[in-house]
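Chains here go by letter, A, B, C and D, matching the order in which they are written, and residues are numbered from 1 within each.
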Amino acid sequence: MDVITVKEERCKECGLCIAHCPNEALSFSDRLNSAGYKPVQVDDAKCIKCGICYTMCPDGVYEISHNGESGGED
Amino acid sequence: MAKARKVPAIIDNPMSFCPGCGHGIVIRLIAECLEELEQDQNLIFALGVGCSSLLGGGLVTDRLHCPHGRASAVATGMKRVQPENTIVAYQGDGDAYSIGIAETINAAYRNENFTMVAINNTNYGMTGGQMSWTTMPGQVTTTSPLGRDCEITGNPLKFPELVASQFDVAFAARGAVTSPKNINKLKKYIKNGLEAQINGEGYSVIEVLSPCPTNWKLSPLNSMKRIEEELIPYYPLGVFKERKEN
Amino acid sequence: MREIVYAGFGGQGVLTSGLVMSQVAIFKGQNATWIPSYGSAMRGGTANCTVKYGKDTIYNPAQEDPDLLLAMNGPSFEMFYPMVKSGGIILVNSDMVDCDVNVRDDVKVYKLACSTLAQEIKQPRGANIIAAAAIIKLAGDFSMEDGIQGMNDMFRKKGKEKFEAANMKAFECGFNAV
Amino acid sequence: MGDMIKGNIAIAEAAVRAGIKLYAGYPITPSTEIMEYLSKRLPEVGASFVQAESELAGINMVMGAAACGVRALTASSGPGISLKQEGISCISDEELACVVINVVRYGNGLGTLYSAQCDYHRETRGGGNGDYRCIVLCPGSIQEAVDLMATAYELAEKYRIVTVMMTEGALGQMMEPCELPDFIEPKKHPWGFDGKYTYKKIGIFDRNSMDEAVELNKKHEAIKAEEQRWEEEGLEDADYVFVAFGLPGRSVQGAVKELRAEGHKVGFIRPITTWPFPEKAFENVNKDVKGLISVEANATGQLIDDVALTIKKVIKDRNVPTFCLPCVYGIPSMKFTKEGLHKIISGEIKEAY
């Protein structure tokens, strides 16, 4: 099973991932991270683990792994 | 099944670039290529001065912060004494093309066997958005407050085209980070440049059109839009010098 | 310690004349220094070098009180003759120095038609070796044999032994001409 | 005794034998023969030669090589060394090791081609922006220059500092007999880049300048304590002590010998390192000395400042007068030095400090 991980602390709220997500699975959360940004959140029901968010993200927020092969948060 | 995607270890750190800055995407692509080419533990970066130097803090690899504009000369010295290492000069447009144009162009002129990645965001980012040699005609910067007047400042420089047409280099290309499609193309260019170096084919340069939302005073999304609508028509994407083997 | 100034215009080979002297001194186990004028002066203008040699340490390699002067052309003679030590010796290349050379009565002036002699022995490029040999004779510190051996040693080290016979001929000519 | 050899050539060959892996530089009289010679010689020994597009590029190529922990060299003169200051300052800041040869020529700006010592202040004070020093070696003969070449690298590497070999146009251009040293195969330093990030110090990132300043001072103090080099004679009973380095230093040695023979109580200090300045030599000076005299090939007198400051530190109970005999360029003759002493004794030349 594929897993998408979000490193919220790295998110700078640029929105590039949200704009390019093909399934509208991403949005800004209402929380603030320690840098004062509202980090992205993933709607697991919509996410197809396509990796476009990873591709567009300048800050290494996303990680997609298969069956726990790779991943885990900081 | 989707492909596993993980930020390469050598850059898996928080970076201090502004929100929406393209540097983070480019350096990740470089690191991915290095990993795929098994060069991530055989690597020395010659870093420019400017936003490119922000890379230093997060990069877990050998890297030297070079004097302003001189990264291509420093990279030359590194590669000459340690040809077995992969050397990447990583610079911005102000660094590589203005203060460092002599070192940059002469490395290409000698067909020095390293790879330069130049981030073209059409201004001096770190010092607060001054005009650079790649600033677009009419673009307002802090030193071209009425818009760049090319009559008195010259026309925006197209470095990859210049070296491809004038010098015997191995590979020259320009990419952009505006969309997943362009990012994937850019990664191919970077990989080609690094492969050219590893095979000893000579100098490779990859210029990247990259957003500077902070100094452009545009949102990250509108910055990408500006690149698509305004920059790419002037700075075409593509390969200007193909590798001989390909 | 002996001090000799070799002067002429660029291309006359005075720097080599001086070098032969210094090399002969080294060959005979003495100390020596050779110091040229250099830079833009080398190109088209005057050329000169100062050679010092002797058994003791040479402190100042630069020109101080020349015992001997080789003047291969007029301007060199004019420039350097006042500097020669009283009781010293001046050798002029009479082919190129046509001014009055009897300007000091406390030095001895020798005239040698170096270029003409070189033509006569069919070594047109040998004028500087002729002059070098004449200077070695006038300095009186080394025999002709020492001089020739030292010179040959120098040219061999430069890989120019093919000119050995010609150089020896010129050396003998110069040494015997004063 | 070795063969007659030109200073620049001997120095270049000594660098080859010290195991340099890269030379990068730009032509300028009177240093050019060094790079001309190395352009042929380095490929023979499997090392790199780069004719750089500029002095700036040359020193930055050296920086790249030095960052890899190998021996690298550049050489220049006057205005060329001015251009290199950016790189020298950065190399010093990164605590990399390299050797820079300055074959000094006279003049400000473009200057002239005459041999001189007019760059004394620049070389001994660091030269570029910031707070650093370079170790400065000032040979007085071709043999000494050659013998100091391996030392220059050893010092640079021991302290991770730039060593400047400060010669003079005349030393580069003259010839005298010289024995060349044996070949050394230096080890690559563990702090050199290897692509594996085994040494993490290099790079200005995440640094603490306050802590580094303390370390820098410690390093400078260690160098001052350990690395002063000089030659001296006749200090214990000297009425007057001459201080001169390089070829003028050697000429002054001859003048002192003659003055002694004429009955003058004179001595000399010939600094071989001008940074660190050989302060220890001054401790050997007669406490009743009447004056110290710098003889130097420049117009304004530069070495005199260090002479005056140092004697002030050593003899505290009175002001020992210091005199300067500047000889704008070339090598001051022994006659010049001897006449200078007489003018000082007669009061014709006044003290500088």
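As a working rule, a contact is a pair of C-beta atoms (placed from the backbone, for glycine too) under 8 Å apart; a residue touches a chain by one contact, two chains touch by 3 or more.
Everything numeric in this text was worked out from a predicted model, so none of it was measured.
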{"item": "Mutual neighbours - chains that touch chain A and chain B alike", "value": "none"}
{"item": "Chain of greatest Cα-centre distance to chain A", "value": "C"}
{"item": "Mean-CA-position distance for chain C and chain B (Å)", "value": "62"}
{"item": "Approximate Å spacing (C-alpha centroids) for the pair chain A, chain D", "value": "59"}
{"item": "Interchain centroid distance [CA atoms averaged], chain A/chain C, Å", "value": "86"}
{"item": "Averaged-CA centre spacing for the pair chain D and chain B, given as whole angstrom", "value": "40"}
{"item": "Touching two or more other chains - residue numbers and ranges from chain C", "value": "none"}
{"item": "Where chain B touches two or more other chains at once, by residue number", "value": "none"}
{"item": "Chain A: positions in contact with at least two other chains", "value": "none"}
{"item": "Chain contact topology (line, ring, star, complete or other)", "value": "line"}
{"item": "Touching pairs among all chains present in the structure", "value": "A-B, B-D, C-D"}
{"item": "Residue numbers on chain B that touch chain A, as the complex places them", "value": "1-7, 11-15, 17-25, 28, 179-180, 183-184, 213, 219-221, 224"}
{"item": "Residues of chain A touching chain B in the complex", "value": "2, 9-10, 12-16, 19-20, 37, 48-52, 54-60, 62-66, 69-71"}
{"item": "Parts of chain D lying in touch with chain C, wherever the complex brings them together", "value": "1, 3-4, 29-30, 113, 169-170, 173-177, 247, 250-251, 253-255, 257, 330-331, 333-335"}
{"item": "Residues on chain D engaged by chain B in the complex (per definition of touch)", "value": "21-22, 24, 48, 50, 52-54, 56-58, 60-68, 70, 72, 86-87, 90, 94, 193-197, 199, 202-206"}
{"item": "Sites on chain C touched by chain D in the complex", "value": "19, 22-23, 26, 29, 31-36, 38-41, 57-65, 154, 157"}
